[in-house]
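What follows is a group of structures, each given as structure tokens.
Each of the next two complexes has subunit A plus one more chain, namely subunit B in the first and subunit C in the second.
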Partner chain A sequence: MSLELKNISLAVEGHLHIYQSNLKLEKATMNVLLGPTLSGKTTLMRIMAGLEKPSSGQIIWNGKDITNCRLQDRDVAMVYQQFINYPTLSVYENIASPLRVMNKNKHEIEIAVKKAAEILKISPYLDRKPIELSGGQQQRCALARALVKGAGLVLLDEPLANLDYKLREELREEIPKIFERSGAIFVYATTEPEEALLLGGNTAALFEGRIRQFGKTSQVYRNPKDIITADVFSNPPMNFLKFRKKYKKLTFEDGISHTETDHLSNLSDGDYIAGFRANHLDLTRKRAAQIKFSVRVNHTEITGSETFIHMNYTGEKWIGLVKGVHNLDQAANIPVYLDLAHIYIFAEEGNLELSAFYATKVK
Partner chain B sequence: MKKTRNQKAWFMVLPVLILVAFSAIIPLMTVVNYSVQDTFGNNNFFWVGLEWFEEILASDRVHDALGRQVTFTAIILAIEVPLGIFIALHMPKKSGFWSSLCLVLLALPLLIPWNVVGTIWQIFGRIDIGLLGYTLDKMGINYNYTQNALDAWITIIIMDVWHWTSLVVLLSYAGLRSIPGPYYQAAKIDQASRWAVFRHIELPKMKGVLLIAILLRFMDSFMIYTEPFVVTGGGPGNATTFLSIDLVKMAIGQFDLGPAAAFSLIYFLVILLVSWAFYTVMMNMDKEADV
Partner chain C sequence: MKINNSAIIIVLYILFLMLPIYWLLIMSLKTNQEILSTFNLWPENLTFNNYKVIFTDPSWYGGYINSIIYVVMNTIISLSVAIPAAYAFSRYTFLGDKHLFFWLLTNRMAPPAVFALPFFQLYSSVGLFDTHIAVALAHTLFNVPLAVWILEGFMRGVPREIDETAYLDGYSFFAFFKKIFLPLIAPGIGVAAFFCFMFSWVELLLSRTLTSVDAKSIAATMTRTASASGLDWGVLAAAGMLTIIPGALVIYFVRNYIAKGFAMGRV
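Coming up: the complex of A and B.
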């Protein structure tokens, strides 16, 4: 089983919503579409589902071109951000509805529905109407409906976005397990980098209608191939700073120069953009190799055990994420420390020149 | 927490009470007053108790008018509600030029004053100068709403359908438009039939506005006066004398103030009762369906 998008693009009224994209999804894999809102995740899913016809390109399913195939003849199930169930039907009937369309007999339906309800832990509510369930249970009902269908392609469009934090965590853990056994291809759209990392599998980073990078989730996270992918895959957003390399010296925007570390020796002289993630910034020098930057605090957000520090470094907005509670005065000038092993180096036009040194060490 | 007691708050509702008193309670009490008294002129009134009510309730004339009224309202609802839903379902789904055009065209009849609607159809149906009447007559169809009771009924019903179906359409359309797109997509992926989409997605989502549409149409058609008055004047004979036309005849034509007042009160109570019963039944159905 495989799904391949070949040079798919979609234009609506002259505007390109999806730029020419290629994607190959394999059997029994979890594939995350990661991108901010309006990056084209839902549109791409609608194309995969057959709800939208691409303006160009082909969709290949198991080696067969299904671009012009009717929706009815496709092997697809989909779950949405909104909890979508038939309001007049009981939970049982909701789950049974795709099977009824397939003309399964009564006995088969009962077994399948009960099993799906059990897996999704909604067995006690089979007689209820969707409206009498909590949000989480409503989404479980929708998931059960998708599960029972046994489709080869399961599309999950931000299924947890409308749930509160606890329910989201609970379901996020369950979803990959639930569908794993079915051997289907999963596509899961989300705006949150953490969600992609927790789900694992493969990730396609999307931005403004383009697939920037597709690969193993951890690979994409550690080795983003350009600034946009790195930014899409960082929460809080990645911090950037410009620097110039000349004669083994790195000169940053504040005018201070540092001697290069070993892994930077292959970088030719020139102007670059360095990027690093919020958690790699420290308020105190933890290792001798860390270099110091002077920044101005804009404001701090304390989440209990961690502190987000919004700061300004020679005009660049940075966000630092440090352990512990730090009450820093607004507009205070403080030193922050960064290890050069944690910086990604991008060429000025945006492509990755050199991955962060630490990332190459992790397997 | 201790509740603050402050009787001065009652003064805040006083303006509303005064307003309601003048707009509703005082006129209504005048009617109640007339309904339990009789007069022989010179502003001398005598207490007659429930005599007028008994007379009205036993009156064949009122029974006949009520029968006609119920028949008319039933026909109107049976035509306008399904037709309205049907049209709403076939309106353009995306907002744009076409949906705007449809909405404007549909809203037009609603903007025409009732007596003008009556006049339009009165002339439209005339066999000497009206387009409809003349055409039918020339086609050899015997149509004359001033002489034939059935023709009069058909004319009034078509006129009401023309005038008021738009209201059902607009309300249903608003209900339909509020259904999020993913519902339809989910149904499509589930391969649900058109009927299933209507029965299990569209109808439940339209239920609230449909309830209002039916209530409005019931009350309005049950109180219909102007249009049939202008078109047929209640005739031929008494064929289209609905309750309100009969009431006006009694009150102003014959100047039987006592019985007319009793009639008004009964009329009012019937509408209130039916509306309440309808609303309660619908709401209970909702609850039962949910349990």
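Coming up: the complex of A and C.
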């Protein structure tokens, strides 16, 4: 089984919603479409499902062109962000519905429905109407329907976005296990980098209708191809600062120079943009190699055990994520510390020049 | 029990509303003589003769039968046309869809009297004059736009994703429409049917213009009792009472749906 999008693009009323894209998804893989809202995740997914016809390009399923194939004949199941079930049918009939269309016999249907309900923990509610279930259970019902169909391509469009935190964590853990055995191709759209990392598999980073990068999730996370991908795959967003390299010296915007570290030695002289993730910023010097920046605090957000510090560094907005509770005065000038091993170096036009040193070390 | 002010106001209001109906009721149970001679709040000589006249005289009960026939015809035609139309308006965008939708509604803006003459001429020339279908068709001019408008509101309330999920589950369009979609908008169909029924049931002018004997409606029959022998007050009142009943029954059955319809912003 494989799904291939060949030179797919989609224009609506003259506006390109999906720029020409190629994507190949393999059997029994989890594929995450990661991107902010309006990045085209849902649209791309709808093209894969056949709900949207691409303006150009082909969709190849198992080597066969299915671009113009009827929806009913596709081997696809889809779960939406909104909990979509048939309101007038019971939960049992909801789950059974794809099997009923396939004209399976009663006994077979009962076995399959009971099994799916068991896996998704909604067995006690089979007689109810979907509206009488909680949000999490409604989504479980939708997932069960996708599961019994046994489709080769399962599309999950932000299935957990409308659930509360606890339910989300619970289901997020279950989803990959539930579908693991089916050997289907999974596509999972999300706006959250954490979700992509937790699900693993492959990730396609999307931004404004373009697939910026596709590869193993950890690879994309550690070696983003350009500034946009790095930003899409960082939460809070990546922090950036400009610097100039000259004669083994790095000069930052505040005018302070630092001697380069070894892994930067191959970088030719010139102007660059450095990027680093919020969690790599420290309030105190942890290692001798860390360099110091002076920043002004805008405000802090305390989330129990961690503190988000919003700050200003010579005009750039930075966010730092540090452990512990830190009540910093607004407008206070504080020093923050950063290890050069944690910076990604991008060319001024945005392409990655050099991955962060720490990332090249991790497998 | 403590009596609060709002209860008093409501009781007064209901009394006020019910008074004409009560008056109609007691008139129908009086003799003509009593109606015309004395003023009293209840019948002195209770009589069911007026009702007997209606149930035995074909020109009277025939009116009810004719009315029911064309009302049912009209409701069925209106709905079977309006349901696909409303689905199209709620699900597809096409050139001029909004204008077309508005144009449909404008059909209701003209009073039926405007169309009485052209309908009469047209139906006479094609031999439909004095048939049930003539009245049923004439009423669709007013009922189809209303039904489309009501149904479109209900259908818009059904997420498009339900359609898509059904197709991906393997349902063909018609299977989806029958098994999933129609049950979902059943309340809307109920409300639309109610409004078609009501309009067609109470509409007088077109039904009177387009019928003479064979398909004469009850409303027309009632207006024609002012004959040579003068007005038969008692029978007329009894006919009025009987005319209210079907409407009341229909309202009783769709009352919950109508509340839902109001809540959904249409009706």
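Everything that follows uses one rule, which is that the second predicted complex is superposed on the first by the 363 of 363 C-alpha atoms of A that agree within 3 Å, B and C clash if a C-alpha of one lies under 4 Å from a C-alpha of the other, contacts with A are read in each partner's own complex, and residues count from 1 in each chain.
Rule of thumb we're sticking to: a residue touches a chain if its C-beta (ideal position, glycine included) is under 8 Å from a C-beta of that chain, and two chains touch if they have at least 3 such contacts.
None of the values given here were measured: they were computed from a predicted structure.
With the C-alpha superposition on subunit A as described, subunit C and subunit B clash in the combined arrangement.
Judged by the touch definition given at the top, the superposed model places A:97 against both subunit B and subunit C. Of the two partner chains, subunit B is the only one touched by A:131; subunit C is not. In the superposition on chain A, A:285 makes contact with neither subunit B nor subunit C. Once chain A of one complex is fitted onto chain A of the other, the partner contacts of A:84 extend to both subunit B and subunit C. After overlaying the two complexes on the shared chain, residue contacts for A:49 are found with subunit B and with subunit C alike. With both structures placed on the common chain, the touch criterion links A:71 to subunit B and to subunit C.
Where the contact sets of subunit A with subunit B and with subunit C meet, they give residues 49, 51, 71-72, 76-78, 80, 82, 84, 86-89, 97-98, 101, 145, 149.
Those residues of subunit B that touch subunit A in the complex are listed here as 180, 182-183, 185-186, 188-192, 199-201, 203-205, 289-290.
Within the complex, the subunit C residues that touch subunit A are 159, 161-162, 164-172, 175, 180, 183-184, 186. By the touch criterion given at the top, residues 46, 49, 51, 71-72, 76-78, 80-82, 84, 86-89, 97-98, 101, 129, 131-132, 142, 145, 149 of subunit A touch subunit B in their complex.
Those residues of subunit A that touch subunit C in the shared complex are 49, 51, 71-72, 74, 76-78, 80, 82, 84, 86-89, 97-98, 101-102, 145, 149.
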